[in-house]
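The two complexes that follow have chain A in common; it is paired with chain B in the first and with chain C in the second.
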Partner chain A sequence: MLDRQVMVRYIVKRLALLTITLLGVLTLTFFVSHVVPGDPARLAAGVRARPEQVEALRTRLGLDRPLWQQYGHYIAGVVRGDLGESIRTRRPVSADLAEYFPATVELTAFAMILCLLIGIPLGIVSAVKRESVIDHVSRVASTAAVSMPTFWLGLLLQLLFFRWLQILPATGRLGFYLSPPAHATGLYVLDSLFSGNWTALGDSLVHLILPATALAASSMAVITRMTRSSLLEILSLDYVRTARSKGLAEKVVILKHALRNALLPSLTVIGLQVGVLLAGAVLIEVVFSWPGIGLYAVQSITFVDFQAILGVTLITAIVYSGVNLIVDVLYGVIDPRIHY
Partner chain B sequence: MRTRFACCLVALLGVSAVSAIASTPADTLVVGVVEEVTTMDPAIDYTFGSGPLFRAAYERLVTFNTASGKIEPQLALSWDVSDDGQFYTFHLRKGVTFHDGAAFNAAAVKTAYDRVMTINEGPAWMLTSYVAAIDVVDDATVRFTMKTYPFVPFLRVLSSYWGMCIASPTAITQNAGDDMGKTFFRNHIVGTGPYKLVEWVEGQQMVFERFDGYWGGWTGNHVNRIVLRKILDTTTMALLLESGDLDIAYGIPLDELTSLNGKPGVVIGVHDTFTTNMIAMNTTKGPLADVRVRRALSYSFDYASAMEVFAGYTTPLIGQIPAGMPGHDDSLPHYVFDLDVAKQLLAEAGYAKGLSLEYTWVTEEPEGRRVGVLWQDTLRKIGVDLKVTEVTVAGHWDRVSNIETMPDLANYRWGIDYPDPSSVLVPLYHGDNAPPAGYNLSRLADPRVNAILDASGKEPDETKRLQLLAEAQSLLLTGASNIWITAVPVTVCMRSNVQGYVFEPAAFSSFNFYDIYKK
Partner chain C sequence: MKAFWEKLGRWIAVRPLAAAGAATLLAILLLALLAPVLPLQDPQSVNMHDKLLPPSAAHPMGTDDLGRDILSRVVNGARTSLLVSVVVVACASVFGMGVGLTAGYFGGMADELMMRTTDIFLAFPGLILAMAVAVVLGPGVVPTIVALSIVWWPWYARLARSEALMHKQADFVEAARATGVPTWRILRSHILPNSLSPLIVQATLDMGYAILTTASLSFIGLGVQEPTAEWGAMLNIGRKYLLSAWWFITFPGLAIFITVLAINLAGDGLRDYLDPRTRKRGA
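On to the complex of A and B.
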């Protein structure tokens, strides 16, 4: 009981810290993005707009006020849940994020599932069957995956599976002949499941394979290597020898006794990989025309669209910090010795 | 149970995978585009991305025929211009309805254009600068009263698809809200065009279906459905065209065309647009304030080699007006690459020992980098040190807007607003249009040029007008305020079964969808 109270207090404390972190991230991004050359009012009005049109727009967007006032106004808006208006898409940034973020969530979640489903078992097998063919192959593959740029791998996968083998689509979330499933979450896989739209479900899964694989590759490699090395370390410990000498089946020794401890360092890495995946999504979304916040961010940056850039920064920071908080809490679940 | 589920999933994936790469349906035209609009509002949009959708779903009073150089009827059947040019009276096509069932009439024209002028953003200046009032004479007659007259190119202005697309009056009134319908028209199109918008999945695609009530009728060959797919990565776009997943691929960069060369079923199309590529020289300060230095640089530019930057698909620009546009004159004198003359002119100007200059190019216009690097090599031979700097669109505008930060040389593109030579010469070379007011980046202020340009806008006789424009172009060449490189080509590649496409340099990003069909 006490433990639970302690845990709640810990989470509340972390959330308070998170607010400070977010404020810091927003402040930094706000001022850095305003240093970048370019007049957003001019871009929003169009380079051919008349000076009076530009000035009218500048006043409407509040860009004529001193920077600190703009900053105060922005932060006050964020507190109220108002992320401002995008000068490029001409609608609230929150509406843009609601449109584009689910696509990124779907892509990164799918990539993360691939990482876990393949990375961890592969790491276990590599550790248990050390110096076997599987171990060597997985080492080479991991090195290749880590060292290959994400977008390059994406292009190679497109060439192989779309162009030559012609078995997987190269771009988008759905074929052009399909309409998105009824909107509930914005995640096509879930939405088509909910609405029983099996065609859309199959098609959206098929469209996820290549971008998610390209995105997952390097994180998967890191997770594989991490699981392998920490499991190897654990397997040489006394308690494992004890377990084995008790006559426990090897499967039980590894999966029940060793793995639980070996997963702790992997867990930290997995948490950090969420950030890596979100960052990688920017490039992958461009290569695969995947309409997520990565693509949105790229377009906003070239347009000096401050509010949009800040919105993307905010949502990414929230996801990243949130995942790390979950990882820290999970530590306590996996290892009862850890207290907060 | 588990096995059965797995089997189902595999089967499902298999079926989808096969259908995902099948070729496009016969009655559907799938077009790959790089650029997507951020608003579909004809009162606000001022981008090249709107070309395809506006042409599919909206119509204007008149259109410009590139082949004949003439203005042709669209929603207006005929028109009268008063002798002094103060009044333009349009007699409208009857029996035309909007996608929402509203009738097209004189009041519709007034409602649509009044809205554009009241919102007064983006393209509105093309109306507000010239039009004092729009009046309904009767149901089928509408009269424009001009602010400044005569203004000869006005019909050509009306043929622009920026700001001139006519939206349904019912849709405008019913969805006005508190922002004059900007929220509604951001993602709705209610026009009279042959295709109506049925779906816009932002960042992915727009789907249009044929509008059964279209006044042009549906006899003959047409497609029923148009899909505009946004594909940001052009390498992928080329792959999709090759596999038959796209019928048309718009905007594959010239140097990537080699991947499509000789591919069965693919027709490569490269066309010169009315957008020109130039290098503006700062005529107000530094060594380039001296016309001799500007002329020296004009002689130091290797025009023929620069065409390699455009993969050899285009030719050097003669004069300032691109070929195909009224006012273009092949007989105008032009600079040729001659380093000896360049050297001599530099020496005369007191730069025998050389000088150093800064050249900027815009990230989004990558030909600028290669042109700059090529020129840098050539200039070294005559002692000119060229510093090549990359700028973003935003940075470019920042630098050229301020006389203090304006680079010596700035590579830039200019796309016309409407198909008339005044849309090239006035914004780029009239003294009143120095940035930030206009796009006269070199800040040329030649009273003779100004006077001719002012006069040409008022000259109703086309022959006399063309003479005036030729005179202005000659003066500009002597003044050497720019290095005129070329008309910028675009690529429109398609499957060989796509028929009926006609390229229009004035509206190069749009498609004549109504006339396009598949064999």
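On to the complex of A and C.
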């Protein structure tokens, strides 16, 4: 009971800190969007606008008011979910984000699943069979994976599997001959599952293979290395030796005794990898024409569409901070030694 | 001198991968420095008759969409990438170290302020923040350097802070304080030198990330742009010819991969050398 109170107090404290951080994030994006780029009204109106149009827009956007009033207006707007208007799509940025975000979630979630399903077992095998062929191969592969530009790996995969072997699609979320499944979550895999649309399910999974693999590679390498090194450290501890010497099967020692403790440090790393995946998704979405917020941001770059880019920046920062908060709380749930 | 060679030989024998990384990196540095005097074609000379030619004796890496020699542009691209990454890491580490050491040493409000400020910067995935800043600052080498430095300094500040916290309680620092050594001299001659080696390792490994991020920015059309030879920008154009000209994306990407790999291998070796504790970890 006491523990739960302590935990709740910790979470409240972390949420308060997170609020301060996010307020700082907003201040930073406000600074970037309102102070630095010279004349936002000019930019928002576009290159071809006449001076009186620019002035009208300046009044409409409240840019003629003092800076502190604009700041208050901006924060109040964001809190209400108003992220401004995109000058490219002529729609509210929040509406655009709602449309593009599910595709990014689907891509990063699949990449993360790949990372965990392959990275952790590979790390375990590398640690248990240290200096074996598997260990060496996985070490070489992970050094290569962290040194490779994500987007280049994506291009190479397209070249190999689309251009030469012709077995996997290179772009988009679905074949052009299919219509998207009935909208529920915006994640095609889930939506087609819910509506029993097996053709769409298969096709959207096939379309995920290449982009998710390219996106996952470097994070998978980091998770493999982390699992390996922390499991190695745990396996040399006294309690593991005790478990072994009382005759427990090696499998039990590793999976039940050692692994649980070894995975703890990996948890923090996994949380940080969410940020890496979100950033990588921007590049992968460009390579694979994947209609997520990364592609949306990059398409906005050509139009110097600040509001759109800042919207993407803001939403990634919020998701990333939220995930790291959850990871820290989980850490305490899993490890009884940690007191807040 | 003989002792030096013996030491070098032993190092190569113990850590062949780190040695290979360092040697490759040295070769790339030399290529980049000597690019203007090497017998290469002009990286900017456009020749529409020769566009998108596959690799041949005349163009070992083929030509791009404007008929420019890709080999020459890859070698010249090394100049851009190395310049940007060295300057970024230098700016970010010097600034971050100054802030971090001061905050860690003084503690209290200064420390709290620094931690909360870095919280804000670390709430963004690096590339995303760099992207937003780069959009504002516009294209070019200098804006790219500024954007990346803004993203990177908090990491050094955090690292330097933890080092300062560790060393400020040390006996020799207490002794210096007790004998009336001025604070800035304690920071400069006692705290800084003792905090340097983890920061150097971090900076070395960050060079690789800096190259990757620079290339990523120019790949999405920000940062360094045409006609400057830069690996990410070349890949950005090359991907439009993916189906017809495989060499266009292959070689610039390979250049990034080899350079970053060399830095990572050399950096790992440096870390093990400066911090013997990691040697037995086997990671």
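What we mean here is this: the second predicted complex is superposed on the first by the 301 of 340 C-alpha atoms of A that agree within 3 Å, B and C clash if a C-alpha of one lies under 4 Å from a C-alpha of the other, contacts with A are read in each partner's own complex, and residues count from 1 in each chain.
Keep in mind that, in the parts below, a contact is a pair of C-beta atoms (placed from the backbone, for glycine too) under 8 Å apart; a residue touches a chain by one contact, two chains touch by 3 or more.
As the structure is a prediction and not an experimental result, all values here were calculated from the model.
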Practice task
In the overlay, answer first, second, both or neither for which of chain B and chain C A:Arg163 touches.
Solution key: both
Exercise for the section: Examine A:Ser289 and indicate which partner it touches, taking first as chain B and second as chain C; both and neither are also allowed. Expected result: first
Exercise for the section: With the two complexes superposed on chain A, say which partner A:Asp203 touches: chain B (first), chain C (second), both, or neither. Expected result: first
Problem - Touching partner for A:Tyr10 - first (chain B), second (chain C), both, neither - result: neither
Exercise for the section: Determine, under the contact definition given at the top, whether A:Leu155 touches first (chain B), second (chain C), both, or neither. Expected result: both
Practice task
Kindly classify A:Ile20 by the partners it touches after superposition: chain B alone (first), chain C alone (second), both, or neither?
Solution key: second
Exercise for the section: Based on the superposed arrangement, let me know which partner A:Thr302 touches: chain B (first), chain C (second), both, or neither? Expected result: both
Practice task
Report for A:Ala317: first if it touches chain B alone, second if chain C alone, otherwise both or neither.
Solution key: second
Completion exercise
Dual-contact residues of chain A (chain B, chain C) 36-37, 155, 158-159, 163, 286-287, 302, 304
Handout entry: Contact set on chain B toward chain A in their complex
Key = 12-13, 15-17, 19-21, 24-25, 28, 30, 38-39, 44, 46-47, 120-122, 124-125, 182-183, 186, 199, 201-205, 207, 227, 229-233, 235-236, 239-240, 242-243, 245, 363-364, 391-395, 397-399, 401, 417, 427, 436-437, 439
Exercise for the section: Spell out the residues on chain C that touch chain A in their complex, using ranges where they run on. Expected result: 116-117, 119-121, 123-129, 131-133, 135-137, 208, 212, 215-216, 219-222, 232, 235, 238-239, 242-243, 246, 249-250, 253, 256-257, 260-261, 263-265, 281-283
Problem - Residue ranges of chain A in contact with chain C within the complex - result: 17, 20-22, 24-25, 27-29, 32-33, 36-37, 130, 143-144, 146-152, 155-156, 158-159, 163, 225, 228-229, 232-233, 275-276, 278-280, 282-283, 286-287, 297-298, 301-302, 304, 306, 309-310, 312-313, 316-317, 320-321
Completion exercise
Contacts from chain A onto chain B in the complex sit at residues 36-40, 42-43, 45-51, 53-54, 56-57, 88-91, 99-100, 103, 155, 158-159, 162-163, 166-177, 179-180, 198-199, 201-203, 205-207, 286-289, 291, 295-296, 302-304
